[in-house]
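Should a chain be cited, it is by its letter among A, B, C and D, assigned in written order, with residues numbered from 1 in that chain.
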Amino acid sequence: MLSFAIIGAGRIGAVHARSVAAHPAARLALVADPDGEAAARIAGSVGSSGVRSTTDVADVFAATDVDAVIVGSPTRFHVPQIVAAVEAGKAVLTEKPVDLDLARVDECLAAVGDRADRVMVGFNRRFDPGFAEIARRVADGEIGALEQLTIISRDPAAAPAPYLVGSGGIFRDMTIHDFDMARFLLGEITEVSAVGQHLDPDIAAIGDFDAAVVTLRGANGGVATIINSRHCAAGYDQRLEAFGPLGSLEAANHTATAVRFNGRGVSGSSGPYLDFFLQRYEHAYSAELDHFITAIESGVAPSPSLRDGREALVLADAATVSATTGERVRLGAPVSA
Amino acid sequence: MLSFAIIGAGRIGAVHARSVAAHPAARLALVADPDGEAAARIAGSVGSSGVRSTTDVADVFAATDVDAVIVGSPTRFHVPQIVAAVEAGKAVLTEKPVDLDLARVDECLAAVGDRADRVMVGFNRRFDPGFAEIARRVADGEIGALEQLTIISRDPAAAPAPYLVGSGGIFRDMTIHDFDMARFLLGEITEVSAVGQHLDPDIAAIGDFDAAVVTLRGANGGVATIINSRHCAAGYDQRLEAFGPLGSLEAANHTATAVRFNGRGVSGSSGPYLDFFLQRYEHAYSAELDHFITAIESGVAPSPSLRDGREALVLADAATVSATTGERVRLGAPVSA
Amino acid sequence: MLSFAIIGAGRIGAVHARSVAAHPAARLALVADPDGEAAARIAGSVGSSGVRSTTDVADVFAATDVDAVIVGSPTRFHVPQIVAAVEAGKAVLTEKPVDLDLARVDECLAAVGDRADRVMVGFNRRFDPGFAEIARRVADGEIGALEQLTIISRDPAAAPAPYLVGSGGIFRDMTIHDFDMARFLLGEITEVSAVGQHLDPDIAAIGDFDAAVVTLRGANGGVATIINSRHCAAGYDQRLEAFGPLGSLEAANHTATAVRFNGRGVSGSSGPYLDFFLQRYEHAYSAELDHFITAIESGVAPSPSLRDGREALVLADAATVSATTGERVRLGAPVSA
Amino acid sequence: MLSFAIIGAGRIGAVHARSVAAHPAARLALVADPDGEAAARIAGSVGSSGVRSTTDVADVFAATDVDAVIVGSPTRFHVPQIVAAVEAGKAVLTEKPVDLDLARVDECLAAVGDRADRVMVGFNRRFDPGFAEIARRVADGEIGALEQLTIISRDPAAAPAPYLVGSGGIFRDMTIHDFDMARFLLGEITEVSAVGQHLDPDIAAIGDFDAAVVTLRGANGGVATIINSRHCAAGYDQRLEAFGPLGSLEAANHTATAVRFNGRGVSGSSGPYLDFFLQRYEHAYSAELDHFITAIESGVAPSPSLRDGREALVLADAATVSATTGERVRLGAPVSA
């Protein structure tokens, strides 16, 4: 049984609270957020009594009944909270990105040192049942060597401008998931080429792209293509196709039900894609937590690691440069998988 | 090279004329129809010169340059024209049904005698690439013994009432194709149970059903279900599912293109089903003709045979009785496949 | 907050325990089963402390902290437990069937009287998101009047013979879900025709069918077809198609992921259907419980009712007669929806 | 009625001969090929008598009964034959590419001058029913402004090395179709970025790529991504997705039938994609010819034009440079659609 504290009582904190409550080997002990009402609300939502809440994050690190900390605070707090939790002897599951600034991520890695094998970065999509199945089948050699990977990842609608201003830009905020997925499936990346699009004038006005196409070359000869957009009329568009000499594996979008309509002028019509990440990746969040608990309980380093978090940011930085300068970026130090 | 005459210059005559013109081992010599203009139009449509037309069907039987006759006239003329063609030494491909009256079909069989091995009945759906593939894979044992067969067959819209009045009723006019398909896949049928529906008051007024569900029990323990309707908003609904202990094979509907739309509130939306039998079964008509030519040229009896035409009518008669009386009909003499 | 006792610590009892534990307005107070270990195991499984267990079902009816009882015991105990619970003032959610004997169901209805509006029968499939969506869209008139309903319902594999011996036969044990679904969508049924199949000699030896096709005529002119089998190689085959003049709505099977493989000789290949009712209908059980709680809390009669349980059994009895005698059964007293 | 000569009695010449024979407003007069037997074979294959053949291409230009010439010879002969045919007053439908050398294409344009409005380049995919439908629906505004276009185009297997040696490289030989499709849907292209892959050592040995990913930026802000491979285990992979603010339109692959298999461990499994361009684009070739005939007969310039052929080659040249240098290529003179 692993006892958890959650830092951050926002949307993602609530998701983690539900996952912890539902997991037979986990219990929720404490929720911390400067907004005490939000913290108390999540603490009280999980159905078991005795979950405490606090407005002081220091309580988390001091709590003797907390084994593991889930960091779901705003990005700028991730690094100090990861470090404080690790120094207090806690295992850590942190939301992505570790930080928007590579130098600070490197400071975090230095501060954490060997204890990084008790820190996991929440690239939840690795735990999506469909993507995980593809990763397993590719690893099993079902399609041969992975030659071409295509990731289509579109949000249903852009987040509000105030959020995007501090987001680090589309590549660090949104594509970072796809960079991690590319590394997860393709391994080491040697070259990045990105084309950004200014389709939404409001987003262009804050200096960010709202759509992009990124090409990554892998050390093994494979190429990954990532196609992003901040909007998609049919919902949350999350697809992936892995292609090799023996075949291809594709993960299609999900709909709420398997109902199809046929009528005047139309056939096979389903409902829209599941609308947002909470629905689409509900199972991924549970499986992510399960992996974390199993790894920590058995003394194995959880994955994706802090270093995986760093390497995804390296790719995001490179894509930002490429999209801005129009030049392809070759990665000096190899980015190992 | 087989030289053809076509009797009947209607819609189906035109289909056959195109198939003959496109077949490398066939040529069209003569088209006969009381409507001389229609006959001439089809004769002139096929692009090769020298196709004659006539208003006198006797010319067909007398023509020394005609090896084979396609009978596409109204149903009541089928039997005399089949017999006359056979007696003139011609091979015959006749449209279904052979006749609406079983006694007349039996007279036809008696008159034709041994020469029935040069007569084929145009149950075109046996030659649909999808249904033919399923028949072949079932015969190859891919799903084990066929246990349950489900045929869904719905027209896009009811034919005009004047046509339906003389059609022999839904079971002899429409379901007869499905009865043949059931025999094609399941073999001998021993029992028929039919439920008719009066949904369209105009069709009810002429004493016919416009929708029906028929259950057929096979001698081998399998059961076939046929679901019919005279209308279908999404087009011509032609599906089939064969189920056995090792799996199932389903033939889905066809659409004009493989284009799918995703948008606000909808995903995976295709165009409607192909709208009518000329489009849906275009390939089936070509393959049917090819089978006929190959069989006749090589001295093998073509299939489906006149007897297959008879047995489908036996099932249609039994279904008519069952739907009218509400009783299940057990077939005295086995209906062999 | 509704406080529950569960009678029966088998597979279905465990499902309900999880649903109760996960529901924010429910709590589990007591689990009763003659097998005390099983009862204790379920009581201890839900993560909240203070859930009691007992081997004496009388404790359930006596418990003052129990508002509602879920009856998940073997079928022969359903009626006395429903009656005892109602007489103790509890609301009841009972598994189907109410009983295998119509006379006993009628005794139950008589004993319960007006308090039937606090009893719900667990026809869980009405709460499957896909089937529920179709029911709602049909009710909204999206396809016009429901003319033809096709239900395909096949288990992955037959239950062991000892279970089947006491099951009441395929129509009362398995098809009863489909009878309820037919009534749910089509309303009052006036006529039943059933064909049973003896494909599995072990099941034939105990006098039961292992596959069947049932045709139901509705009072409104619609017809429902039910196709059942005790086995299906690809998994739990649970499909439904509602057809009307304006279109059709189909519910396709579910697979574990949306991954498809394309390779040598194959394309679009998914994994098998979800393998059994616990996976396939996981969401249905939760939604069923939610409906029950909402109805009871707000003083509205939950649905499906005890009477719905009775009418499904009437159809199962009629199908049993029809399949045995080969006669169509007309239902004397109308079976109202 | 348009009278045709075909130059080139290879695989593509045979396709065109069949299309001409089947078209009601076309007739085949002459087939020219240095291989006289091949020319005679095609001339004799179309079922109508009087089709001549010759080994001397000059006969084509001299023939007074030839209105239009289909150029299906090896690429190096295209330009002189186009020019000679135009100077002889013939309309021309030429296979792609016009030439592998942009300077020679420009010479061709100069020589042809105003008579270019009677010359069409055979980018057959524009006439594929699915792609044409998407183009029409995009033009109709169904998805709003086209923001992202994804073209996946993979051959079933690489052509033999001797063919590839003279092919001009993957971008001029294979991707050229996709460049034309990108221009067809997205309009003017301003920037090209290409990544080539050396997966097949035999193809690498002749200095060519066997797979590639190309990103094109459109003048209107849209981006097209092209994903190519010389091999695909499941057949000829030809897909396209057009994405805009109001939705997306995707063209899926084609299979020979709509049959799907479900069984142990698998569901929804279809046959492979149609295996090669002759099957996949059969309808496209017919529609292409029909467009050509209609345009020429009505005095309208057919499309795609010689200039479209030039612009596709410009993109292929740019992609070759980009893949070789690793630099993005900005197109100086705008490439107008």
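One rule holds for everything that comes next: contacts are C-beta pairs under 8 Å (C-beta built on N, C-alpha and C of every residue); 3 or more make two chains touch, one makes a residue touch a chain.
Computed from a predicted model, the values in this text were never measured in an experiment.
Visitor: Hey, which chain ends up farthest from chain D, C-alpha centres compared?
Guide: The most remote chain is C.
Visitor: Any idea whether C-D or B-C has more C-beta pairs in contact?
Guide: Answer by contact count: B-C.
Visitor: Using mean CA coordinates as chain centres, what's the chain B-chain C distance in Å?
Guide: 42
Visitor: Between chain C and chain D, what's the gap in Å when you average each chain's C-alpha atoms?
Guide: 57
Visitor: What positions in chain D touch 2 or more of the other chains?
Guide: Within chain D, the residues that touch at least two other chains are 233-234, 246-248, 253, 260, 262-264.
Visitor: Mind pulling up the chain C residues that touch chain D in the complex?
Guide: Those in contact with chain D are residues 233-235, 253, 255, 260, 262-273.
Visitor: Can you name the residues of chain C that touch chain A in the complex?
Guide: Contact set of chain C toward chain A: 21-22, 24, 45, 47-48, 129-130, 133-134, 137, 142-143, 246-254, 256-264.
Visitor: Note which residues of chain C are touching chain B in the complex, please.
Guide: Result: residues 143, 145, 147-148, 150, 152, 154, 191, 193, 195, 197-199, 211, 213, 215, 217, 221-223, 225, 227, 229, 231-234, 243, 245-248, 326-328, 330 of chain C touch chain B.
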